[in-house]
Amino acid sequence: MCGIFGVWGVKEASSLIYRGLFALQHRGQESAGIVASDGKTLRLHRGMGLVANTFTKDDIGRLKGSSGIGHVRYSTAGLSRIEEAQPLLISCSEGEQIAIAHNGNILNSGNLKGRLEREGSIFQTISDSEVILHRIARAKTRDFISNLISSISLLKGGYSLLFLLKDKMVALRDPFGFRPLSIGKRGKSIFIASETSAFDLVGAKYIRDVEPGEIVIIDKSGLTSIFYVQPSPQEHLTTKSYLIGDYELPYPIRKSYCIFEHIYFARPDSLVFSEGVYSVRKMLGRKLGAENRVSADMVISVPYSGTIAAMGYAEETDMPYELGLVRNNYIGRTFINPEHSMREAGVSIKLNPVVDIIAGKRIVVIDDSIVRGTTSRKIIGMIRRAGAKEIHLRISSPPVRHPCYYGIDTPTEKELIASKKSLSNIRDFIGVDSLEYLSLEGMLSCVKNPRDYCTACFSGDYPIL
Amino acid sequence: MCGIFGVWGVKEASSLIYRGLFALQHRGQESAGIVASDGKTLRLHRGMGLVANTFTKDDIGRLKGSSGIGHVRYSTAGLSRIEEAQPLLISCSEGEQIAIAHNGNILNSGNLKGRLEREGSIFQTISDSEVILHRIARAKTRDFISNLISSISLLKGGYSLLFLLKDKMVALRDPFGFRPLSIGKRGKSIFIASETSAFDLVGAKYIRDVEPGEIVIIDKSGLTSIFYVQPSPQEHLTTKSYLIGDYELPYPIRKSYCIFEHIYFARPDSLVFSEGVYSVRKMLGRKLGAENRVSADMVISVPYSGTIAAMGYAEETDMPYELGLVRNNYIGRTFINPEHSMREAGVSIKLNPVVDIIAGKRIVVIDDSIVRGTTSRKIIGMIRRAGAKEIHLRISSPPVRHPCYYGIDTPTEKELIASKKSLSNIRDFIGVDSLEYLSLEGMLSCVKNPRDYCTACFSGDYPIL
Amino acid sequence: MCGIFGVWGVKEASSLIYRGLFALQHRGQESAGIVASDGKTLRLHRGMGLVANTFTKDDIGRLKGSSGIGHVRYSTAGLSRIEEAQPLLISCSEGEQIAIAHNGNILNSGNLKGRLEREGSIFQTISDSEVILHRIARAKTRDFISNLISSISLLKGGYSLLFLLKDKMVALRDPFGFRPLSIGKRGKSIFIASETSAFDLVGAKYIRDVEPGEIVIIDKSGLTSIFYVQPSPQEHLTTKSYLIGDYELPYPIRKSYCIFEHIYFARPDSLVFSEGVYSVRKMLGRKLGAENRVSADMVISVPYSGTIAAMGYAEETDMPYELGLVRNNYIGRTFINPEHSMREAGVSIKLNPVVDIIAGKRIVVIDDSIVRGTTSRKIIGMIRRAGAKEIHLRISSPPVRHPCYYGIDTPTEKELIASKKSLSNIRDFIGVDSLEYLSLEGMLSCVKNPRDYCTACFSGDYPIL
Amino acid sequence: MCGIFGVWGVKEASSLIYRGLFALQHRGQESAGIVASDGKTLRLHRGMGLVANTFTKDDIGRLKGSSGIGHVRYSTAGLSRIEEAQPLLISCSEGEQIAIAHNGNILNSGNLKGRLEREGSIFQTISDSEVILHRIARAKTRDFISNLISSISLLKGGYSLLFLLKDKMVALRDPFGFRPLSIGKRGKSIFIASETSAFDLVGAKYIRDVEPGEIVIIDKSGLTSIFYVQPSPQEHLTTKSYLIGDYELPYPIRKSYCIFEHIYFARPDSLVFSEGVYSVRKMLGRKLGAENRVSADMVISVPYSGTIAAMGYAEETDMPYELGLVRNNYIGRTFINPEHSMREAGVSIKLNPVVDIIAGKRIVVIDDSIVRGTTSRKIIGMIRRAGAKEIHLRISSPPVRHPCYYGIDTPTEKELIASKKSLSNIRDFIGVDSLEYLSLEGMLSCVKNPRDYCTACFSGDYPIL
C-alpha cells in the first residue's frame, strides 16, 4: 500500500502536497517524497520516515512551482532504503523529465524487467515504477500519452499511477480498478488523491473517481479523459476476451475494487470507490452482528481499525459498546525495546486494557481481520489477563486464506493462519471462547455494487493472474 | 502537568522507566529524562521532545542500576530549553547526590526563591523543583527525611514528588493531594507512577495511592510510610487551623483531588485517586445527558478526550453515537505549516469530519471543556461546513471560570471565555445552535467521594491560596 | 575531482574502504559512498557530506563482504543531492548487479546521453557514470568485459573508473591517462586508489599504476591486464590516427597526465603518475625561485597547498621561509555567517596572518595558482593590513587561461582572470607590488617525463576535444 | 584548557562571539556555548561538540543583544555531558542573572565546595565555575564587584574568568596570571579573549592584557580597572607573605604565566602574555638546535604543533626543513574505527609519512613535548617503517615530569614517562637513535621575562599548592 497525491494550478504546490501527504500518512510510513514543477524544471525531495520528519521549511521552499505529485510509501518486504523512496524522477528523450508516483503492484514486472534488461535497460531500484518508466521511454513515438498507453497495456496487476511532466499531470487506474484514485477541485485547481480525505485538508471538493482503465490528463487546457480499455458492452458479458498489449484481458473486464480498503485500509472519513468508508465499515459490523450474535456484557474493538465495525455490531446486537482497549498514540516506529527479555511486549506498549471495565465481564471483541494470528493471540491474552470472564472474537470480514497480488502487503499462503487451520484450531490458537467471521455474502452485501469488488484474498477468485 | 515514574529493585531500571514514560507521554511532550542509580552513582540523561526521540539504546545502557526515576514535562509558558528538563540531579552535603522529579505547582515558590537568593542560593532553572532541592540542602540535620519534611512544610501548592538518592527512593504528595501518585508492585520490585496505566506496561500491579501528606520511603528494608501532616480528627472539622512550617493549613486539611484528571487529563485505562477514569468519564457523559437532553440524530465527540463522555451521553439519551470527527495520529508537534496563508488550518490538519455521516443531520457534539473557546469555534465551523443541520454543543464539565494554581496549565482569568461571556454569548461566539454545560453538582455526583475533590477552576473555591 | 578506492580479497572490505576514503577526503567533500559485495549481493550506502558524517558503525557493519569500492565526490556546479552521490549501483541483464565509481569527466556524455535517451534509456542522475552503465547494459554480448570495452570505446574525455560485480572488480584509465589510478597490494589482497596515500592507511604497498588505456580485472584467479587501445609503435608517431569506437584518437595516443595533480590537488605524501608529489611540488617552488627572484625579507605561503612550493622557493632564493598565514582547521563547510554585513569575511575565518612576523617586512607570497583572483585579492589584503611593507606574489604554475574538460572543476574562460587581464592588470587587481608566474617550460622541467603531461589549462593545447 | 571570549557594545553580540569561538576552537572541542544580553535578559545556548555543530542561524538569532560571553570547553577527565558545557547562567539575589565562562583550574574547589554544601548549597555540575558563583551569591553585600572580590579571594589556583551581567561584563585573572586573557577594541566596542587571534576575526585590535590580579569592569561608562591584590613592592621580595581571604599568598606574588601556551597550546598567530607565540616557538627551536645539534639529512616535525620549532631548529643547524609527515585535516573526533583489529591505527589515520622524502635518510624529528610517550612511539614507528635510516628526536621543551594543577590537562605523575624513566630508557621505549630535550634554561631564554613564567610541570617548582 502507498498513498499518492497530485496538485495542478495552485500557488505553492509543494505546501499543499505536504498537507495532502499528512492526510495519507496511514497508507505508508516508510518514506515520503514530493516532486514539484515550475513549468521548466522538476525538483525532487524525498526521505525515509514520516512526512513530518522528511521535510523542513527550506525543503518545501526549494520545491518551487504550481504543480506537483507526492508519495508516501508503505514498508514492504522490499528494501528499506532511500533509493526506493518515491516519487521517482528521471529524464529521458530530449532531456524530458518525468516523475512517477505509484500505488499498487505489477504482477508481470519481473518479466517486463527481464525483457528490458535484455534490451539493455539498467535498474537502480526494485520498484515496479522504474519498469513503467523504462517502458515509456522505450516506446516509439514522441508523444507521451501514446507512449504511456502502449506501455501500460503491457502491465498486468493493480495500479493507480500519477505522472508529472513539466507541462502536464497524468493520473490513471488499471482496467480493473483495484486501487482507488479520486479527483478533487478548488476553483480552477485540480487535485488527485488516493483517498478523498486528503482533499479536505487542502480545501478541495471531491468530484469523481478516476475510472478503471481511464487516463486523466491535466494541463493548461484543463482536464481531458481517455479510456485506454474499451468499455464493456453488456451483451458480451461472459465468453469473449480482449487483448490489450501483450496479454489477454477477460472481456468485458470486470471491475475489481479492493474491498480491503473499506474493511481496514482507508480512513473512515474518506470516500473510496465513491462510497463512504465509515458507512461500509459500520454495515460490516451490523452484518457481523446479524450473522453471529452472542450473549455477552459488552462489545469492544481493537483500536482503531476495528472501532467502527464494533460500533455497528453493538448497535445490531443491542449490546453496549465500550473502549475496552486504549491505544497509545505516541509509539510510532521508534520504540527501541532496550530490554531484550521484554521484546515480546510489543503489543502491550501500544494497547492497554481498561481493567475496570473488562474484569469479570463477558466480552465480544471485534477486529477487522486475522492474518497470521499472532497479534490477535497477544491481544486476547492481554484481555484475558485483565480478567475477562468470556472472550468472543468476531471478525468483520471472512477468513483471509489467499495472498493479495494487487497491492496489499500480505504474507504467503503458508503464513496465513486461515489457510492452514480450521476455525476451531484458530480459535484455540488465539485462545478465545468463540470465534466467528463475517460471511463472504454478508461482506458483499455491505457495499453498493458487490460485483465491482475483488474478493480474491477471501475466495481465491483472482480477477487476473 | 507532567508525568513521573519511579522504580526500585529491578534488573535494569532505565529500561523499565523508558517503558513507563511511554505510558505517561500524554502528560508531557516537551522533554523527557531519566536518572538511574547503581547504588553508588546517579546518572542523568534528558532531552527535548518525545521519549522516543530522547533516548537511544546507548543512552539507556549508560543509565545503569536497579533503581531510578523518570519525568515527562508538559510545555508550559515557561522556558522551552534543556536546562528545564527533569529530573534534576544535584549534589549537596558530603557530595550526596539527589534527583527530583516533580508534577505540580508551588504557589509560594517565588517567595521561597527570593528568600533563598537573599541567603545566597543560585538558580540554574526556573522550576519549583530547584527551590525544593535548595530548601532540603539548607536544612540543618544530616538526615534526608528530616530535611525533606522541614522543607516541604514550607511549600504551598499542589505537588507530587519523586526523589532518588543512592540508597533510597522517596515519593510524596502534598497534604491536599491535588496531583495523583500511585504505588505498584511486581514481586519485590516497587513502582511509583502518576497514573496506574504505567504499571501495566511494566507488568506491575497497582497496590494503593500515596496518600495526601504521606511520605513513602523505599529502600533495602522495603517500604516505610510517614505522614508529615497529622490526619484530621473528625470533631475539629470547621474552625481550627493547623500550622505546618511557615503557613497555616485549614484544619483538618480537606482533600483536594484534581477533578480535571478524570475529566480530561488522565488516560481512561488508569485509576487516579483510586477510581477508574473510564467509569467516571462515562458517568460524566451520562449525567450530562440526564441534565441536558436535546433532540438530535446522533452524538459525536471531539476525539479523543470527549469520546467516552460522548458514549455515556449517547447511552443515557438513547441516541446513536458516531465517530463524526476523525483524528490524524501522525501530526505531533512537527507540522511546519510552510504556507503562511494556511496557518489558521491548524485544527483541520488534526481533525476531519466524516461528511457522509454528518451532512444534513442534527448533531450533538460532546467535548470535555471549553477554555478560550477558539479551538471549539474552529471545530464547530468544520462540522458546520460538513453540512450539519443543527449543532448542539454539550460540555462534560461546568464552565471553566478560574485559573488553576495547582499544576494544570490554564490561561489567566481574562482569557477564559466563561469568565468573560454569558452562556448565550459563548454559544454565539462558538457558533452552535445550543450550548450546555454539566452542572457542578452533576459533575461531583460522578465520583465516589465528591468532598475529596478540588473544583476551584469551576467554582473559584480555592482550597489554598 | 573525486576520489575512488577499491579493495579485493580482504576480511571486511567496507572497513578498509572507510579508511581509504578518509585518506582521499581532500579529493571530494560533497558526498561519500561505499558498495560492498559478499560474492552474492552488492550493497550500497551513501550520504551527503564528509566520510566521517556519512557512515555509522552499523552502516559499515551492514556492508558485508570481502570486496568493495568507495567514492568521495567533489562539489561541482552540478546538483548537490543524494541521487548524485556515488558509487552508483544498478541491476541489468539477468539481474546482474554492477556498481561504478568514477573520477573524471566525459566530454561527449551529452551526445551519448541524448542518443541513449532516443533509444529509450531513462536517467536518474546527471552523472557521466550513469551514461557509462547504460552503454554497458546495451552492449550486445553476455560478457561484461567485452561490453565494457565496446562501451568505453565511445567515451571521449578523462576518466578513471572502478567497477564492482559480484565476482570481480575492474579498474581502468582512459587512453590518455588524464586522471591517476594506482594498484596496491597487501598479501593476496589487492587495492586500487586515486592516490597512493590511501594504501598507507590500509597497510598496503604501491605496486604500479593502472596504465592509460589499460583495463585491470581482479577476480578469484588474481589480476589480469588488458589494453583496450593498442600501444603506440614508435614509427607511426605523427600522422596516422586510430579509430576506437565512434571517434578518432590521435595515434599514437599521447599520454596526458593532469599536471594539476602535482601542483595542487594530490596529497604531498602520494605518488601520482608514479612520481612523488612532494618532490615535484618542491621543485616547482625551486624553479619559480630560479626564474623569479626578488629581494625580500621572507617567503610565506597560502596554506596548505602553497606550502611545499614556498619551501622550495625559499631554499632556492636563500630566504627564510615563515608560516606567515595560520589556517584554522575547524572551519569546514558549516560556518553559517549569521551576520550579513560580514559575509565578505569568508577568507578571514579560515586564514589569519601572524602580524608579529609580517609587520614591516618585505614578503614573498607563494600560491599554487590563481583562478578567479578574488580569493587571492582577499588574502593579499589581509597580509597588507597586517603591516607588510612589500608583497610579491609568486605562483608555482603558469597562468590558468583555459578551462579544464578532463575532470578539474574550473570556471569558464570568462571567469579566469588570466584569460581576461594582462599580468600588470592582475597584479593591480590583486593588489601586490609584483606578480610573477612560473613559466610553462619551468613547470614541465619539474616532472620526469614532461611530454606525458597535459598542459591544456595553461597552454590551450587540448589533447582531445 | 578552554577558550573564553567576551564582547561589549556591538550590534549583534552573538554573531561576533560565534566568530571568536571559531578562532579559539583549538582550545576546546568538547562543547561550546554563548550567553548574550539585551540589557534586560541574559539568554544561553550551549551544546556538545564543535562550534560549527552547536549553533544554527536560528540559535544565534535568538541570542539577542549587544553584549555577551562565549566558551569552548576542552575534554577533560570530567564528565562529557551537556550540563558541564559553559557558560553557566544562574539567577541569584533579587533575580539577578549572572553568567560565567572559565578557563583554568581551582585547586581548592573541593574544599570550597564541601564547605558550601555543608552550608546548604546544591551543585548541578562538577565545574569550578559553579563553586565561584555560589561564593559570589553567598557574599554579604548587594554590590557584585565587592562580592566578586571577597569570593575570588578564597580561590587558589590558575583561572581567567569572564562574567556577564545585564549591565556589565567583568574579566579577571588570578594573581599569578597562570592563564592568558587579553583586551581588544574596535571603535567603542570592547572585546576580551583568551588569545589575540580571536580579535583578528572580529576586526578588533589588541590593546593590552588583563593583568594578574586585575579585575576589568566594562559597562556603559567604559572600562574600569581594579587590582584585588596589592602590587608587590620590590623590597619585600622574599620573606613575607600576604593573606588574601582564606589562604596565604607568597608575597610579593610572583607572576606565573603558563609557558606551555607558548610551547604548544596557543595559536602561533596569537600574542599571549603580550609576546608573539610564533617568535617564541621559533626561538625554542633555534635554542634546541644550538643545544642539541646532530648530523642528519633533514629536519621534520610532528604537525602542526612541532612545525615552527622545527623550522627554527633547521635554521639554527642549517639543515633543510621538510614536511616529512602529512596531517589529515578531516579526521576530527568522529572516526569510528569499525574494524577492531585496527584500533591501534589511530595515529596512522591522522599522520602519514612522505616516504619519498624520508626513505634512506637521517632524520631529526622535532616535537613540542613528550607526555606518556605512547603517541611518540607510534609516530616514530611510522617514520621507521617509511625507511628512515636514523631518527633523532628533539623536544622543544624540557622533560614533563610533574602534573599541572593550573589548567592544563596532564596525566598523573605516574603516567608521565619522564618521571619514571631515564633519558636512555625513554629513547629505547620510543625507539629513536637519539633523544634530547631543550634545557630549562634554554627554554626560559626564549621568552622576554623568564621570571614571569611558571615551569612547574618541568621543574616541580609549584608557585602555589
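When the chains are written out, they are named A, B, C and D in that same order, and each has its own residue count from 1.
Note that in this section contacts are C-beta pairs under 8 Å (C-beta built on N, C-alpha and C of every residue); 3 or more make two chains touch, one makes a residue touch a chain.
This structure is a prediction, so every number in the text was calculated from the model and none was measured.
With contact taken as defined at the outset, subunit A and subunit D are each touched by B, C. Between subunit B and subunit D, the centres computed from C-alpha atoms are 49 Å apart.
Between subunit A and subunit B, the centres computed from C-alpha atoms are 38 Å apart.
Chain geometry summary: the mean Cα position of subunit B and that of subunit C are 62 Å apart. Interface note: chains touch in the pairs A-B, A-C, B-D, C-D. The residues of subunit B lying in touch with subunit D in their complex are 44, 81-83, 88-95, 98, 114, 117-124, 130, 133-134, 137-139.
Subunit C meets subunit D in the complex at residues 12, 14-16, 18-19, 22-23, 25-26, 29, 50-53, 55-57, 60-61, 197, 200-201, 267-269, 271, 276, 278-279, 304, 307-308, 311, 315, 320-323, 326, 328-332, 334-336, 338-339, 342, 345, 348-349, 352-357.
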